[in-house]
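We call the chains A, B, C and D, going by the order they appear; numbering starts again at 1 in every chain.
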Amino acid sequence: MAGKSGRSINNVPEAPLKKMILSWEGILVVLLVLVNIFCAFYSEFYNLSSLLRQMPIYLAEVFLLLPMAYILVLGEIDISVGSIVCLTATMSCIVCNTGAPFIVVILTALAVGAVCGAVNGFILTRFTELPPMIVTLATQIIFRGIAEVVLGSGGSISATNTEGLILLTGKVGQVPYILFLLVVLAVIFAVVLGKSTFGRRVYAIGTNRLTAHYSGVHVQKIRFIIYTVMGVCSGICGLFLLSSSFGANTTTGKGFEMDAIAMAVFGGISSTGGKGNLAGGIISAFIIVCLRVGLGQRNVHAQVILLILGVLLICAVALPNIIGQARRAVKR
Amino acid sequence: MSDYILELKGITKIFPGVKALNNVQFQLKPGEVHALMGENGAGKSTFIKVITGVHKAEEGEMFLEGKKVDFKGPRDAQAAGIAAVYQHPTSYPHLTVAENIFMGHEIVKRGMLQWKTMNEEANKLLQQLNADFDSTAEMGTLSVAQQQMVEIAKALSTNAKIIILDEPTAALTKRESEELYRIVDKLKEEGVSIIFISHRFEDMYRLASRVTVFRDSQYIGTYDVNGITNADLIKAMVGREITELFPKPEVKIGKEMLRVENFSRTGYFRNVSFEVHAGEIVGLTGLVGAGRTEVVEAVCGITKPDSGKVYLEGQEIHIHTPSEAMDKGIILLPEDRQKEGLIMSWGLGRNVTLPTISKYAKSGFDNEKKERELSKELLEEVDTKAVDIFQPASSLSGGNQQKVVVAKALSQEMKVVIMDEPTKGVDVGAKAEIYAIMGDLAQKGYAIILISSEMPEILGMADRIIVMCNGRKTGELSREEATQEGILELAMEKGKNAGKEAR
Amino acid sequence: MKEKSLLKKITGSREALLVVILILLFAIVTALSPSFLTPKSLMEVLKNNSVTIIMALGMLCVMLVGGIDISIMSTAALSGMTIGMLLKYEKISNTLLAFVIAIAIGTLCGALIGLIISRADVPPIIATMGFMYIYRAMAYLVSNGGEWAGAATLGNYKDFANKSFLGVNSILWIMIVCYLFFFIFMKWTRTGRKIYAVGSNPNAAEVSGINVKNIKLLVYTMMGFLAGLGGAVHVAVYASAMPDLQQGGEMNVIAACVIGGVSMSGGRGTVLGALLGALILATITRALPLVGVSALWQNMIKGVLILVVVVVNVILQRIADNNALKGREM
Amino acid sequence: MNKKLVSAILCGAMVLGSVMPAAAAGVGEGQKLAMVVKSAGNAFMELAAGAFKETAEAEGATVEIVYPEAPTADAQIKVLDNLISQDFDAIAISANDVNALQAKLQEAMDAGIKVSSFDSAPNPDSRQIFVNQAGTVEVAQALMDAVLDITGGEGQWAILSATSQAANQNAWIDAMKTIMEEDDKYSKLELVEVAYGDDLPDKSTEQTAALLQNYPDLKVICAPTTVGIGAAAKYLQDNGAECKITGLGLPSEMKEYTGDDKACPYFYLWNMEGLGTLTAYTTMAMVAGDITGAAGDTYTAGELGDYEVVEAADGGTEVILGAPMEFNGENIEEWAEIF
């Protein structure tokens, strides 16, 4: 080739260990340990078994975090998930009450979730001009609205056939099934996002959508898939909520979208797209769960807990920026 | 009173980790057009931003009409009569032309903006520039050339004594450039001093009386335009001699690779047909907005054509998505490197492998080792000036970014390579290298389509030249019969075949 | 030239389109329920949606610079609750003073958000999500954990919403003043145009000497100002202050702006558009129970209508663009 | 690094959040009781919670009032999980949903925690007793009679409820419908609509306005919810409407609107503080083993007197505080001072 200067370009990455310790995830792990130490001192009831016992209801929300991380990496947002949770819980409860085999109930939840997610995906990929925020805001109202219609004037449905649901709340020793399922799914989602070609393309779309399109990435297809998976995971969340309350009502899952987004952002996944990874999101989810359990065990006022979470959230994003700015200022 | 209207001495500007300007100097005489040249990354743009107060220099002094000045921000420079027209139009697409012109120095009475007066004033300025649009038009609906005109009108509106034009012709076609020359001449007559940055030698010869050259953040020298040869100037800029700018190899033209028939897309192009053969470089030219880019984007599945057929090696193919085009070996190097070609915040390696990542992945999971090796190999093949494959694409100069785009194309199995303005904003040294790569690809037997607005480039590299005008193919010239004038005539054949006159 | 004037017509007629939609809505609702189109009924629509209508102005500014603020209703709750408690415990009794305090609190809250967003580069959705929790929690703390300030404890303040000046209800006056001010501010002042400039092209704004950070600070502060005012108006209109007032209402404000043609990516949107968007939303809310839609179906239909309005907007825009292309010379 | 600061702030916040118990001697000596309310920021609940805490602490018990983060069943499940971890002796709860808490409350009962409920009952399987503020039928009867009285015996009326899933609201509405069907004297009354204001002032106002526009001859709106009655009363009074309002509300909220010439001639409520006190005694009696929560149990609730556990309409058991109180133009001033 002409003009060849024989210049060599380095392709050996930095030592991964060093990178890992200095990363946000490293800091989060330390924080997780600190939070647990703090909680153990703060609440006399805080121990592994109480944590494991109280965890399931919180973990149900973490299922939403997994695909939400993908959506945030895309640079988008889905605020309809809480309503999808409500609708899936409602529909699967109805199916459950007909005495259908439990597998049918599970499939119903997943299918309803998938359909809702696909509706979001369809509108968003068909009308790419529309911002996800406004579309999912509308479907948020619609999905919960459908649940309200289905639930009728009581606004609540209770499971009469709880056999299968009890199965879901089972435990191995002290460890609830939900934790196993969550860990398995979390590993899958994290690896797919971090290591697979699919994940790489998601980052490409989130960083520069146009370049991704020109480079042959199926932008709309990937968006559609992710929104649909978001729906499916909402279905899983709905199923576990159903099993923890043996019923559903019009407020089921309200505000879950914000919780999931908060966990992801706290974990270093930027809402502007293209940045962060699921490991951080999952660690931060556990930090938040542990903190809520620990504070809750001393009956700290719910609003105070939310206040603390709000402060933490802003600090987590603002402090690194402020420190970075200060560092740059000092350098100059 | 000093001889110079503007003089800068010993300017040093440091960005975190880089010395962007190292002890440079510059003198501007009243009423002269002074060209500022140098390769990309030589520090020209930073220097301009120091003059206009956007950046503050760490060291050095600046004198305006002999008086030492110290700008705290762009406003101070504006107030002192310095106006700049930046390389990328710094316009507000959602606002009207008048607003864009008067942004920052609006006409205000009792705290209220005077829209009527501003619109009228803006129209006057636009008339001076022979603009064909109104001051109430929305900026985003204008063409790049028109936007450039607004920028110049903006500079005029401040009654500036010194106007800085940073690569104003980069996005302009020949005809539009002529228009710009006329405006600059007129400004000169009115006694305005002009600093002119450009990669085009023709701009410099046409306009400037003196030229200052920067290289590697340093001042190299100031020359009289009449007293310096092309070769010397290139040597000053690049630091070495470039023997041949257009190394067009003699290649035996092979069989037909790609044929496009009666391609149409409403509002963009109509009934476009052409073909490319193996080993052939076909130049596709015309004015900006003639539909060149739109045609090839439709061929590559980036947009959907309304009608028409595409044949690859004689077989009709149907392409619906960019990835289908790539699978078939039709590779597009897009026009806008930063927005379409590269992910600027990503490392070079990942950029190179983005289109091909799944080809060597193991059951959907990325083979990072192989990926790193492949990207190193490809980046070295095109001789990218980079330290490692992890550095972000944004850290490279324009020419090297273009090389990464080429490497990205090379990672795929190619049959037809479409290069859309591959040397836009690329300095002269890197240009030659890109032409060399192009020639090399042709020699290897790939069919190449070169889209370009630069006449010398088209004339120098293409075997066959297709000219488009207003969405139609207006002519086809062989290498031998092509002349600058001939191409221009075809490119401006506006309305000759079209039904009714525009407007 | 032809293409340009066509495009201009389309962008210029966005508001005209909204007016058409609004008139259509009015016509349909009136046909189904004639009592809708009476001055009294319309006045109620305005009054009952005054908080959304007022705050849409602030959201317009925030969205013009490409931001978003989901903490506004928490800010409103904090300021509304604070004056509610002050009035209840008779620390203050003057209506004007109450308004001033509420607005001051709102402005402070907004300024803090603006500082975090502009100085620490926190994405707006994250920063305002954090403050949504924080300010709401503070509203609870201010209310001593959940007291209400009811009509009886609000003294003269509660009568404010029923008073009229020059035959026009005081709440309507507030809206008129706000909209007039913003209409002039956004169109005729430098600062107003700077907001558009920052949203349209932040880099260019920086280069041309606009302090982008301060403009961002300004819009969130203005949003806070209006949120504080909204809190005070809520307390006046409903004669009660509760710590959970207007919870979830921020989405109405955002929806109003988007329906009104305000772009979420910044740069595009007008005061008139925000007003029309808010009015369309208000009409839908009002109309659903009026035309006899069963209570159970109301939410769902409201969601569908919002979706339909934004999708129809996109489709019309596409048709217009397509026509513009067809009109192009070849 | 920066996180240290954050945890320091955290510690501060948490210290604020915890409450030190006060010691005394009484029935509740050494008992650890928790009350779970529907949500924070509900003035109505605060009255009962305050009385509960005061009464139980006076009797020597330790009391925690716990607030879920949102007025939903999910949030209450999280709170219950926390309480089960903490070895409470009893939980008194006002349920956000009839059935949703069953699993958790059963888990609590299995762990030996006594579960009483007040204000809004969970289903019979998830509680040991329900302290009913006023018998459902009694409330419905009172409201029906008020409607009959205010309409003058005939005409249209409507109900403005809270949310469609509010358990107690639905129970009253159903009971009112039953009463209306069973007795001939209500035959000239026409219930035109049940509207839901979601306990939001703006939505309640909107619904009230819609009711008036759709049914110009509407004579009475019955709103068995505090936010709804307040918003509707304000709307009716501001507009000088012919239509009157009655229902259940807080005297302090309704003071402005109550009286013969005002929007609300009279309305009802039980003694919210009494409800808290009775819940406290009932809960303490259960923990002490004086009662099991079965029908027929009797116990003394301090100065409130003796109470007997009876069968509830839903198949569980309950104690009934007493008949609802009527608030009218004559006594509203006096009661508005109290709650």
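Here are a few things to note about the model shown:
In this text, a contact is a pair of C-beta atoms (placed from the backbone, for glycine too) under 8 Å apart; a residue touches a chain by one contact, two chains touch by 3 or more.
Nothing here was measured: the structure is a model prediction, and the numbers come from that model.
For the pair chain A and chain C, chains touching both partners: B, D.
For chain A, the chain whose average C-alpha position is most distant is B. Taking each chain's centre as the average of its CA atoms, chain B and chain C sit 43 Å apart.
Centre-to-centre separation of chain A and chain D, using mean CA positions: 36 Å.
Taking each chain's centre as the average of its CA atoms, chain B and chain D sit 72 Å apart. For chain C, residues that reach two or more other chains under the stated contact definition are 140, 145, 296. For chain B, no residue reaches two or more other chains under the stated contact definition. Residue positions of chain A touching 2 or more other chains, listed in rising order: 148, 152-153, 301, 303-304, 306-307, 311, 319. Contact between chains, using the touch rule, shows up for A-B, A-C, A-D, B-C, C-D. By the touch criterion given at the top, residues 54, 73-75, 78, 86, 90-95, 99, 103-104, 106, 108, 111-113, 115, 132-133, 136-138, 141-142, 266-270, 470-472, 495, 498, 500, 502-503 of chain B touch chain C in their complex. Chain contact summary for the complex, chain A toward chain D: residues 27, 30-31, 34-35, 38, 42, 45, 50, 53-54, 57-58, 148, 151-159, 169, 241, 244-255, 292-293, 295-308, 311-312, 315, 319, 323. Contacts from chain A toward chain C in the complex involve residues 77, 123, 127, 129-131, 133-135, 137-142, 144-146, 148-149, 152-153, 258, 261-262, 265, 270-272, 301, 303-304, 306-307, 309-311, 313-314, 317-319, 321-322, 325. Note for the complex: chain B touches chain A at residues 16, 247, 302, 321-323, 325-326, 332, 334, 339-346, 348-350, 354-355, 357-358, 361, 364-366, 372-373, 375-376, 379-390, 408, 432-433, 436-437, 439-440.
Only residues 39-43, 45-46, 67, 164, 194-196, 201-202, 205-207, 209-211, 213-214, 216, 227, 230-231, 234, 238-239, 250, 252-257, 336 of chain D touch chain C when the two sit together in their complex.
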